[in-house]
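Attaching a single structure in structure tokens format; questions to follow.
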Amino acid sequence: MRIGIIGCGYWGPNLIRNFSLLEDIEVVGVSDLCEERLKFISRFYPSLKIVTKDAADILHSKKVDAIVIATPILTHFAMGMEALKNGKHLLMEKPMTATVDEARILIETAERNKLILMVDHTFIYTGAVRKIKEIITGGELGELYYFDSVRVNLGIFQNDINVIWDLAPHDVSIMDYLLSTPVRTISATGMAHFDNRIENMAYLSIGHDSRLISHIHVNWLAPVKVRHTLICGSKKMVVYDDVEPSEKVKIYNKGVDYVKNREEAYNILVQYRTGDMMSPKIESTEALSLVAKEFVSAINEKRQPLTDGYAGLRVVQILEAASQSLKQGGKVIKL
Amino acid sequence: MRIGIIGCGYWGPNLIRNFSLLEDIEVVGVSDLCEERLKFISRFYPSLKIVTKDAADILHSKKVDAIVIATPILTHFAMGMEALKNGKHLLMEKPMTATVDEARILIETAERNKLILMVDHTFIYTGAVRKIKEIITGGELGELYYFDSVRVNLGIFQNDINVIWDLAPHDVSIMDYLLSTPVRTISATGMAHFDNRIENMAYLSIGHDSRLISHIHVNWLAPVKVRHTLICGSKKMVVYDDVEPSEKVKIYNKGVDYVKNREEAYNILVQYRTGDMMSPKIESTEALSLVAKEFVSAINEKRQPLTDGYAGLRVVQILEAASQSLKQGGKVIKL
Amino acid sequence: MRIGIIGCGYWGPNLIRNFSLLEDIEVVGVSDLCEERLKFISRFYPSLKIVTKDAADILHSKKVDAIVIATPILTHFAMGMEALKNGKHLLMEKPMTATVDEARILIETAERNKLILMVDHTFIYTGAVRKIKEIITGGELGELYYFDSVRVNLGIFQNDINVIWDLAPHDVSIMDYLLSTPVRTISATGMAHFDNRIENMAYLSIGHDSRLISHIHVNWLAPVKVRHTLICGSKKMVVYDDVEPSEKVKIYNKGVDYVKNREEAYNILVQYRTGDMMSPKIESTEALSLVAKEFVSAINEKRQPLTDGYAGLRVVQILEAASQSLKQGGKVIKL
Amino acid sequence: MRIGIIGCGYWGPNLIRNFSLLEDIEVVGVSDLCEERLKFISRFYPSLKIVTKDAADILHSKKVDAIVIATPILTHFAMGMEALKNGKHLLMEKPMTATVDEARILIETAERNKLILMVDHTFIYTGAVRKIKEIITGGELGELYYFDSVRVNLGIFQNDINVIWDLAPHDVSIMDYLLSTPVRTISATGMAHFDNRIENMAYLSIGHDSRLISHIHVNWLAPVKVRHTLICGSKKMVVYDDVEPSEKVKIYNKGVDYVKNREEAYNILVQYRTGDMMSPKIESTEALSLVAKEFVSAINEKRQPLTDGYAGLRVVQILEAASQSLKQGGKVIKL
């Protein structure tokens, strides 16, 4: 199988490297608008056959069987459609598209053309998230009570999209995967602190059925990098800290009981924890290598990939609703 | 000066101890509804003259000049009014009252009777919060951009009030003190996961004038104790982690600049921090001893205390509006 | 039972408080050479009957059944002998005595007079150390390989004893309790950085039988407080971090295997951990309350206490040998 | 300039990548004894002209100007001599050689042939170590009191060398660079817990002139990766934690003063820190890229590199003496 990559920014070399490492896969070419970046890429990957400023050279190439779209989000739809129309299988960077409608059309087009459409929700393929999914599926947490995620970056501002579209796709895709429960309501507040009127921080409150709620805090403007997720169930709770080098996932044994009397409550007040904790060893395989494998396998086996177009669509639905709420000052939006 | 304490739960012994340590102050008596608690208190403080189940024994005692109300919140107003009517200066545990109206009446009554009315917003008197206030007042942070606070406790559930009234008074009083800016809008979401229909977790989104926003997450249902506050300005940012033993306050030197080019952005993406950090030594005097001192000084000097009735009122206003929003599914409330 | 306390410095109020809380125990009196300290103590514990500068008032009092010696170490032996000769049971602060000979004479005297002699090796009674003992006794760690302890304090210098006699008693008593294995060799290096020629930092290398070794680093001169112990066995390893608020004890599941090939070794090189980790909930009862209980129980039941004179003697033997090695530039001393 | 690399294990791809990125530098070839490894390397670096099992193909190649020796230590001397005799500049992985004599001969040979001889003491080129050197050189720490380093790895056992030769070169080279002070005495204790009789853990006590002492703990057998160095001066102290993602270097403002009185000492006892702390932003350039640059610059400028043969020799002297002490049960060795 021969892969072409459109857009070769920060993520580009990682895509090339991980696809290159797979058996029977060749990364044939890359395109990028920036000449300097192309030079840099060529130097490191002298075996690339097509290195071009014109995406069409990849999209229309007969030497390419499958395409990865890693361009800015506003171009995703057009690029994706072109790829599908040219009969290429498609792996799209997240978020899949800039609108729900675009996502729907891509899904239909891929289905009609019998092509694989996958979205690179990378975090789903990390050892940590897979381990947590395993714990939840095994029923260890009991009834799910809440999902709370904080993702804070160090002052990298996008000029085309706000922080919700930039950072929240990670948290929303993790939430979608782990909870396997529809989203019913969303409200979002946030602020654009700079002249460009693009929100650089936002809080998303998400309602599901039953007693489960979710909350996501995304922020470009923080002094330290934070990636911290709390998943609380009736029996156990999970803390997932992606910045922590050695203990990314911690499972706490005891949640809450009614406190029997005042003395017991006073005693708990001075504690920092209430039950045993277990921190499983996390598989450290690079997530993107599993993304690449899944894409290739889905093509070979003619099956839906784990993070298919519908997963991409669900994420875009939530981002779109959140943006809508943000524009209306935090109004609750129903999905 | 002779002090009487009404309500002697978790906080009671701390109040007795800290007032006892002041020069020329005598803790004359305490009341509590629980006999066993009174026995325990007597054993430790054999010098107490009044140890009683009947609060009236303190409220009406001629041996008492000033009263501390440390009972459940629903009784605050009645107890406080009785104390003021009997000519006693008044220190009230937070939150000051269960409604805005009650707080207003207490303030008026105290003023009419020329009595000192103070609220025990303890955190305002900690070395950490005082240090942060000093930093903000000195202009070191620049324009304030956001205040984000997370306060998570270990499964201690109150039966009479929800988590907003239990935990948020800490964060709201800190916010009120540090930002010195009015609150304009509030929306709150949350959930009651247990049969009693009392919310055990809540998120508060708070709007101020200009580009400043605040957010508070309070939660009774978490595996680890978290007390984490982020205050971000245009020049510097402060991280205040009250659980951290040795570095409670960290000041980060550099916030955000527009990133010049893609390579620079890629470089920042793999970093965990972007500027120098300074963690000042924090004064470790027990906050409650400063609360006691401030109360006594205000009485002696016939002046408003730092955390006066108006500070208490502002906190209650926010809690009341948040509860209202929570009941209406996150509707934005204007103050 | 009536308790008298000789020496009322930092630890004094804790001793009074914890003995006072026991049923049927009365703390009758305390002595201290410092008048100001006695005033402070009286204020907090108005029920004390004897508050005196003269230790003899306690040692000879007919109202006292048992005595706690919490004076500087150089006075321990004389005070202890006087107490035993007056028929008082004896709880001694650590280290028990300044020499091995003194410790031996105290043990013999106590035995001859059928009095209880106990040493306050407080750490043995903490929830953390008791939990680790339970784990080791249960065989969970396999064969013990090493015990490594670091105890670093913040610039508090003693004028009468060096850092080995001040801090190492904690680590040595924990080591003695947990390993239950004799010490065969000791070498110590260290340095006196200040004019008083008293060593303020030291490293102790300790040999046991078989393949077990121990090492202790004690230091008065450090920027942050460290209390970190590593106990490694052939099956599992324990990290005990006493400064950590919520996870004092961590048990790591996997030690070491021979690495099968180069690729596997490269993979491990970039990891931070190799197996599952479990952090048990630690009982948070104050250790000193258990010390007080054990002392009283041992007296009532006429039995040896857990940390008896022999435990105290073993610790003093190691301290004495370490000091000897230190003076000889790190020469290996055989016990 | 054309570079050849001999030995292409864990470090090999990093060497290729970093030299490749330099202007006007070509990595011409690599050799390794393992065929599979060569295949892996070829795949990633298809531009390599020589990929061979026979080191002589590199050592004798006319296409090679400078050689990097990254083979097991026992072969360093022979490979290095061969390279120098063939007129190649030489960068050697640490430790430079297996004996002091070998190091001396290499230095002489390089000098006689006017070739650059450099040792890859990588850590010297990290942002953290360079920042600490800057702080020390600026006099900020005052008189240096001690250097204490702990380096603990996760169960990777070497079959040819013990833990001192494997891990201590990092700490010893950092110590040598930062302290710029000769080593006078060394004693080492340790243990081989496994059948191969190769020590897997060791403690090195190092004496210098004046009141400065050093200590290094290296260990293959630990549950978590630790890289923690403490450098204490009379004015300030530095904590360097290489595992910490965001605060690798911390400078603590206040060391120690004589404590004025007992109350002050009691107060310090409950603290976790005594002065302000500053954590500078650390330059994140990959250290190995600076190693490569320094090697190339030294060749071009015909000057000694920062980590020259003498630096390599000093490290080997200490390792040799430590091994000698270890074999003699911890005997103090004079240098």
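Annotations
The letters A, B, C and D name the chains in turn, as written, and every chain counts its residues from 1.
Definition applied: a contact is a pair of C-beta atoms (placed from the backbone, for glycine too) under 8 Å apart; a residue touches a chain by one contact, two chains touch by 3 or more.
Predicted, not measured: the structure shown is a model, and the values here were computed from it.
Looking for a copy of the B-C interface in A-C, A-D or A-B, one arrives at A-D, which has over half of the same contact pairs by residue number. Comparing the chain pairs A-D and C-D, the larger number of C-beta pairs in contact belongs to C-D. Taking each chain's centre as the average of its CA atoms, chain B and chain D sit 51 Å apart.
Rounded to whole angstrom units, the spacing between the C-alpha centres of chain A and chain D is 39. Distance between chain centres (mean CA atoms), chain C to chain D: 38 Å.
Among all residues of chain B, those that touch two or more other chains are 224-225, 243, 245-246, 254, 271-275, 277. Remark: chain B residues 245-247, 253-254, 267, 270-281, 284 touch chain D in the complex. Of all residues in chain C, those touching chain B in their complex are 20, 43-44, 46-47, 224-225, 243, 245-246. Residue ranges of chain C in contact with chain D, taken from their complex: 9-10, 34, 37, 145-146, 148, 153-157, 185, 187, 189-193, 200-201, 203, 205, 207, 211, 213, 215, 217, 220-225, 230, 232, 234, 237, 239, 243, 250, 252, 254-259, 262, 265-266, 268-269, 271-275, 277, 329-332.
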